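Same chain, two partners: subunit A is paired with subunit B first, then with subunit C.
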Partner chain A sequence: MNDQSMKAAMERGDGPMLAADGTPLKKSLARALRMQKIRALLLVAPLLIFVLLTFLAPIADMLFRSVENQIVSETLPGTTATLDDWEAGEGLPPEPVWRAFYFDLFLAAEAKEHTRLGSRLNYEFTGMSSLFRGAGRGIDDIGEDQAAAIIELDPRWEEGGFWHDLMSGTGDADVRFLDARRDRLERLTGDRYDGDIGFSPGAAVVDLLPLTARAYTDWALYTVLADGDAVIEVTPWEAVPVALFLDLRAADAAAVSGYDGPGRGDLFVAMLAARSSDPIDFRQSFIDLDEDFAIPTIWETIQTYSNRFTPGYFLNAVDLQLTPDGVSARDAGQRIYIVLFQRTMFMSLLITFSCILLGYPVAWILANLPMRVANMLMILVLLPFWTSLLVRTSAWKVMLQQQGVINDTLVWLGLVDDAARLVMINNQFGTIVAMTHILLPFMILPLYSVMQTIPPSYVRAAKSLGATNMTAFWRVYFPQSVPGIGAGSILVFILAIGYYITPEIVGGTKGVFISNRIAYHISASLNWGLGAALGTILLAAVLILYWAYDKVVGIDNVKLGG
Partner chain B sequence: MAERAIVHSVLFVAAIVAAFGAFLGLFVGTANGSGLWGIVIGAAVTAVIAVVLVKAVPSSAASRRGARWGLAILFLIVGFLLGALPGAVIGFFAGLFFAWVTYWLATNRYRDSLPPYATSGQVLWHYTFRTICGVIFFFLIAPIVVVMPLSFNAEDFFTFTPEMLSFDPAGYSLKHYQDFFFNSQWQQALRNSVLIAPTATLLSVGFGTLAAIGLSQPHVPFRRAIMAILISPMIVPLIISAAGMFFFYSRVGLQGTYLGVVLAHAALGIPFVIITVTATLVGFDRSLTRAAANMGASPVRTFFKVQMPLILPGVISGGLFAFITSFDEVVVVLFVGSAGQKTLPWQMFIGLREQISPTILAVATILVAISICLLVTVELLRRRSERLRGLSPG
Partner chain C sequence: MTSAQTDDAFVEFDRVQKSYDGETLVVKDLNLTLPKGEFLTMLGPSGSGKTTCLMMLAGFETATHGDIRLGGKPINNIPPHKRGIGMVFQNYALFPHMTVAENLSFPLEVRKIGKDEREEKVQRALDMVQMGQFGGRRPAQLSGGQQQRIALARALVFEPELVLMDEPLGALDKQLREHMQFEITNLAHDLGLTTVYVTHDQTEALTMSDRVAVFDDGRIQQIAPPDTLYEEPGNSFVAQFIGENNTLEGVVTNMGADSCEVKLDSGDVIDAKPVNVSKAGERTRVSIRPERVEFNRDRLLSDAHTLKAHVKEFIYMGDIFRFRLSVAGNEDFIVKTRNAPDAVRLKAGQEIEIGWLAQDCRALDA
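Right, the complex of A and B next:
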């Protein structure tokens, strides 16, 4: 609509109402509203981004870790790929799997990553950790004969420079192949493998000797970028001659004799040697190394956990296990988490209940005393609320221990024999007492704010209508205070099930919570996935309660400090 | 004080006073050999005293006051003979208490706070209930109070020594405080805490106040969802935040750095700032900013000259909450920090778990003193804020 027509419409008096600048009022208002919204969002945005990055991203990372299982496929990529074709229950896997396993494990052992994988698989099948550690130590022996045989042919096979010229070949370098090997090592070790290594595999060599090119490139990358040596000065590790023999046995003889790169004569001689010697039996070699490799379950476990994501940690967290035959219960001796979850729930409920029991009378008296007195007494509630958690926990340690204040007093009064001092700490009792004390203000404050709004006239009216004290309280006062109990209980319960410090210090072994187990897995046992899975379950429980809290109280009504 | 007539039978008063006497007698008796005899003698002596106070003292305010002080001095002397200085102190207060309670009961003053028609049962319940509440208050405050004198212990014990109980100066010392102030580990921890907490507070207050102002605008899209996200660090259990931050911060190289700990603590403090500042803004009168804009003030000037002074109490108390959150926090710093970022609570945690050192109690006492200061500040600010809000309509 242009100005002219608008003016005309206005003169007629039936057009849209206009703002001072001539735009229709509706549009103008909508724009103002939009501006307001954008301004509000701009004010909120920095904090929102801050919280997203510093807080929500870590939580998301934890959720991811609870299902993440890349370690198996990243440490043993060849093995997991070849295992795909193998059906569990057919005995041991075929030779290609063992061969892939040899090269994967060799590289992992050189990079010292095989123990990590061993610990990971040990969570699922006991014994894997020591099996992998032993295999990592002994794997050099498997290729020993080939390495010796090739040097016997010509001592030049021991020179780094000779290998370098052979593998570089003539013609174009295969850069994509090199980058793929860089990725492989980065995924294996988690370190960066950037930078020049003074070597790039020739495209013709990669075609002719694929296994050797792979093994040699891996070795070259590792030697230069991790060990800091030069390629031409060091003899390649045993996996390279092993790969060479395999390649030469498999390669077309015409292709080898037709090859025109450096060292082609030596290559031809080596081919003849390779074809006349016995091939390595990888399966037998591994079983000679450790007879546990003959257990099919080992391979079934690797196959089961070769996916990038796994429900295994969650199953572990509820005392189940993902075995090759499906989900099954753990051994009775290993079932600890269900009990721990139950204990956490039970003790948190007990603590919540004790808080209601102790908090209700106090909140009532605070709400019914004259303001001045109530404010004075409120300090007694707020002081513990503001006092450091560790101060209060250490105070309880001082009070409850066997040589502590309470026991000393009881012994002094003759109520308890000196030899039979009460055990009040490092058990569930200690945790419950200390946590009730610590969380009591969180019960009293919401109860108090609800009770303040209950008019005393209702109870008086009930009494004047003939209700007894008990009835007046139970039928009139108590129902009005229920929202306060609800708010306080959920708050206390949420805080209680996630507690870590207090149970850790006064809980001993019987009084610890699921949080302590999470901390243990993260800082001591290093089973991060299980820690993350336990944390995710706990988080889900808390979020459900939070949702309930929002329904009962509303997030906006959260108040602090009375 | 107007004198009051004695309205209760001597027997009633004597019986109740005797009960208190028996309680005191238990402790005096135990200290002198036999608790049982203490109970009996205490009950008998205080019953007789009650009878004498009610029957033999003339019913004028002056003579009753005289009787009270007389009893206090008498108990002081007896207490001194039985238990030297502490005995004398306890005796003095016990004397004052027994005289007061005798007249309080005898002259019916104990019914003053109750309606005149209350039955004896109701009176009994009233005082029983108050006693229960008193015990709960005692439960709340006792652990904190017990720590303070113990921090002056001359021995390396976590309990009261006989020297301490007899007020012997040799039983007390400042050595744990000395340890705190001269031990390099504790000093390093203190330095870290003093470095990390204010920085984290500044971050959370800066971002938090802006966001709270944004959230209190009349039209905010996704207000509930944003609020839920911003409050979440308070709701998610600390161990989960700590685990997540440990994973994520080690991925991005923040684990074990000051920056990592500061960011983590700032995130934890944000909900407190949001909650307190939005609560202050609820009562903020928007027409004030409009008036300022009307008179030609720029938005920035309006913010600093009009809005900020009014919401300042909320901002400061939010900041104090954020500060205490960071200053007291131990779980997250345990995971996100490394030995170089060891804070005071971390050092206390180690002290409690591994080498039990009474220096912890000295630190605890200092921290309690700090929290009392913070508590008083927040209370004063809250009242000021309520007063200010009372001035402005809305």
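Right, the complex of A and C next:
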């Protein structure tokens, strides 16, 4: 392209704009700016990484916990699988569910994971926690007679080495089976189950005695990798002979007699003994252990919460519950969160409003004083920031309580009868007073910095045009200070809605916020899922309010200064 | 009091003093009378008290002592919004959250004027400043000159008898400023406004005003029409402050009726017109405008005294020539000539003789 045609093209505006050396202008501009961008990124990177790792990642993790529900399916995988075939409302589940439950719970109890599951399910149905704890203690006794029928045939059933040989069998080892059991234990306990355990189940044994192979492999993995014992030196736990009993009763007699691995004679004898014994009634055994197992709701709850993810925490957070019939309202006595959310909103609005009322005149006087005096007074406004939040809140406790400074003064002045001292703390009043005081600087600072940018000539102009002081203020000054009110209100409201310490100390029961409930679930009840759901709702509420504010007021109208 | 009398003294400052800190006076003994319909400019360096005077008149400052009267009535105790004075502020002070029309409507609304009349008046005021189409805009969407016009229209829309302007053109560029000077003056004369205008720009003051009050050190140094002010400055501050000026210092030696001889410190003798000197032997500072200096001997009186001058610099400025001379110890003596076909272009280094008519050289206070 010669200069003439290039110039013509540029004038027509149809070709890309070219730089002096012929490269497209956009490209050379991007190249020129790239270094700047990289440098900016490098400068921001340390803080960005810090925030990502220490702030955003934990928040994301917490939010994930509000829907995460893997503990049921990972602790009771067999139970939840067999429960799929059972319809709630049909009374108690069939025997296979109970049997799967036995093996799941046995392993969980040995790994001491059953109490965690109990706590989790207790959020949904009260009593589950103690039920699981009790079952964990008594589960060893289930099927003990039937197991004994085999073990007492020969002392060798008590020897670790005999079991090891029996389960290893001859021929190929089933490695995939072993790995599957490793995964199962890893999911159950959250620990790693890697490494050689000096045992691998024989493929033929897995075929012949599937339950026994599973129970024995689980035991072997746990014994070697968690307890540090050798397989051949320890007698397997009770679930293994129980599994063998079930396997031998269910197995094809020809297959057992045709089996040619180690201990085949003992197996055959044991089969005969097992088949002549009474079968194990798992349902009855569990009900004997704790009659609460006969409550169908227990099983409905396990079935309802067998999914890996659940809306249960969120429903709980808005006073609903998940039942086999779908979503329903909680009992009137258990509905607390909607009220708490409403109260949090209402009180935060009230606090914001009192901050505007108290802060506006102060900011105005600060903005209209000479710089030197204003700076000195500004220090007074900022002074509370230099005192611990806890100290300030405790000071309010001293002021407001019934034997406190204010009440004493009022009684001394005779304005209040000694018997009828004002209740100003451990209620909403206390929370509003203390939080207004604590959040006031967040209102004054943006108001002040906006008011500083309003030249006095506007009000003068209004007055010279005939406006009275009031008119000049409301029609000219106030509208221009609205961006400061907006900034201060957003700041105060968002801080207030998530406030924790002050309501905790001065709020009593009537003046606490939703954040206090979240803290309770995080640190006391340890129901992190519900805490996370409440937190997520709070976060969403703030974002929605922010969005609505942007729509109504316009975030461009918010000024923090200049 | 008859109406003729109040028309002659529509605005009156009577021995007004103002102090902010109780120790120094910002305005010292100000006396000023302003007839109806006059355009008066208060001119002075910053800190001379001119803006304080304006603010006292508007009611934003109170006089420490003395009376300010408007239409014969003292207004010291009348709050600004009841004075009915239109005011144009330095940065226009257009309300940013209102449209142009709302800005203009504001003074009418607070006066409880009906909607129809209000709209009519707003439109008339906008048309008056050629901004009829801009009623719906916000001030921020207007250029500086347009904002200036709106500010003017707003100050006039409620038909005040007195309009105050506080350096209204300070924020505009030179060309726009000159244009607006012209427009404001025309408007003021057409509407018969009584105007008090504050500026530190002497060109503005000279071109726009009926009279100019030159302020310095809290006092009016001279109050006079522009031509008088320029050609007959009353003291050396005014001479120095208004326009370009050459000064020479010396002692009066020979006192005549309307001319005197001054012996300069360099020993030379010149002719001057006595203004602030009364007798021989007084020290004086003589003032002469650059364009009144003559270096063509033929155009001077035959008995006029002349001075030797050394040309230091020739500056070509298009319409005029400027010469910097060294005269009687003054290294910055300026002479201006018009770029006429026969004008002489002196060169640096030339030695010439200069002189002037006695009435152009004013012997002022030392």
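The rule is short, and it goes like this: the second predicted complex is superposed on the first by the 450 of 562 C-alpha atoms of A that agree within 3 Å, B and C clash if a C-alpha of one lies under 4 Å from a C-alpha of the other, contacts with A are read in each partner's own complex, and residues count from 1 in each chain.
Just so it is clear, a residue touches a chain if its C-beta (ideal position, glycine included) is under 8 Å from a C-beta of that chain, and two chains touch if they have at least 3 such contacts.
From a predicted model like this one, the values you see are computed outputs, not experimental measurements.
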Which superposed partner A:D61 touches (first subunit B, second subunit C, both, neither): first
Touching partner for A:L538 - first (subunit B), second (subunit C), both, neither: first
Contacts of A:S464 with subunit B and subunit C, given as first, second, both or neither: second
Contacts of A:R99 with subunit B and subunit C, given as first, second, both or neither: neither
Touched partner set for A:L382, first subunit B, second subunit C, both or neither: first
Touched partner set for A:Q401, first subunit B, second subunit C, both or neither: first
Subunit B versus subunit C as contact partner of A:R181, first or second or both or neither: neither
First (subunit B), second (subunit C), both or neither touched by A:R283: neither
Subunit B/subunit C common contact set on subunit A: 469
Interface residues, subunit C side, partner subunit A - complex: 58-60, 79-87, 89-91, 93, 95-97, 106-107, 110-111, 154-155, 158, 164
Subunit A - residues contacting subunit C, complex: 455, 457-458, 460-469, 471-472, 475-476, 479-480
Subunit A-facing residues of subunit B, complex: 26-27, 30, 35, 122, 125, 129-130, 132-133, 136-137, 139-144, 146-147, 150, 157-160, 203, 207-208, 210-211, 213-215, 217-221, 224, 226-233, 235-249, 251, 263-264, 266-267, 270, 272, 275-276, 278-279, 317, 321, 324, 327-328, 330-331, 334-335, 345, 348-349, 352-353, 360-361, 364, 367-368, 371-372, 374-375, 378-379, 382
Complex contact set, residues of subunit A against subunit B: 33, 36-37, 39-44, 46-48, 50-52, 54-62, 65, 358, 361-362, 365, 377, 379-384, 386-399, 401, 403-405, 408, 412-414, 437, 440-441, 469, 494-495, 497-501, 504-505, 515, 518-519, 522-523, 528, 531-532, 535, 538-539, 542-543, 546, 550, 555-556, 558-562
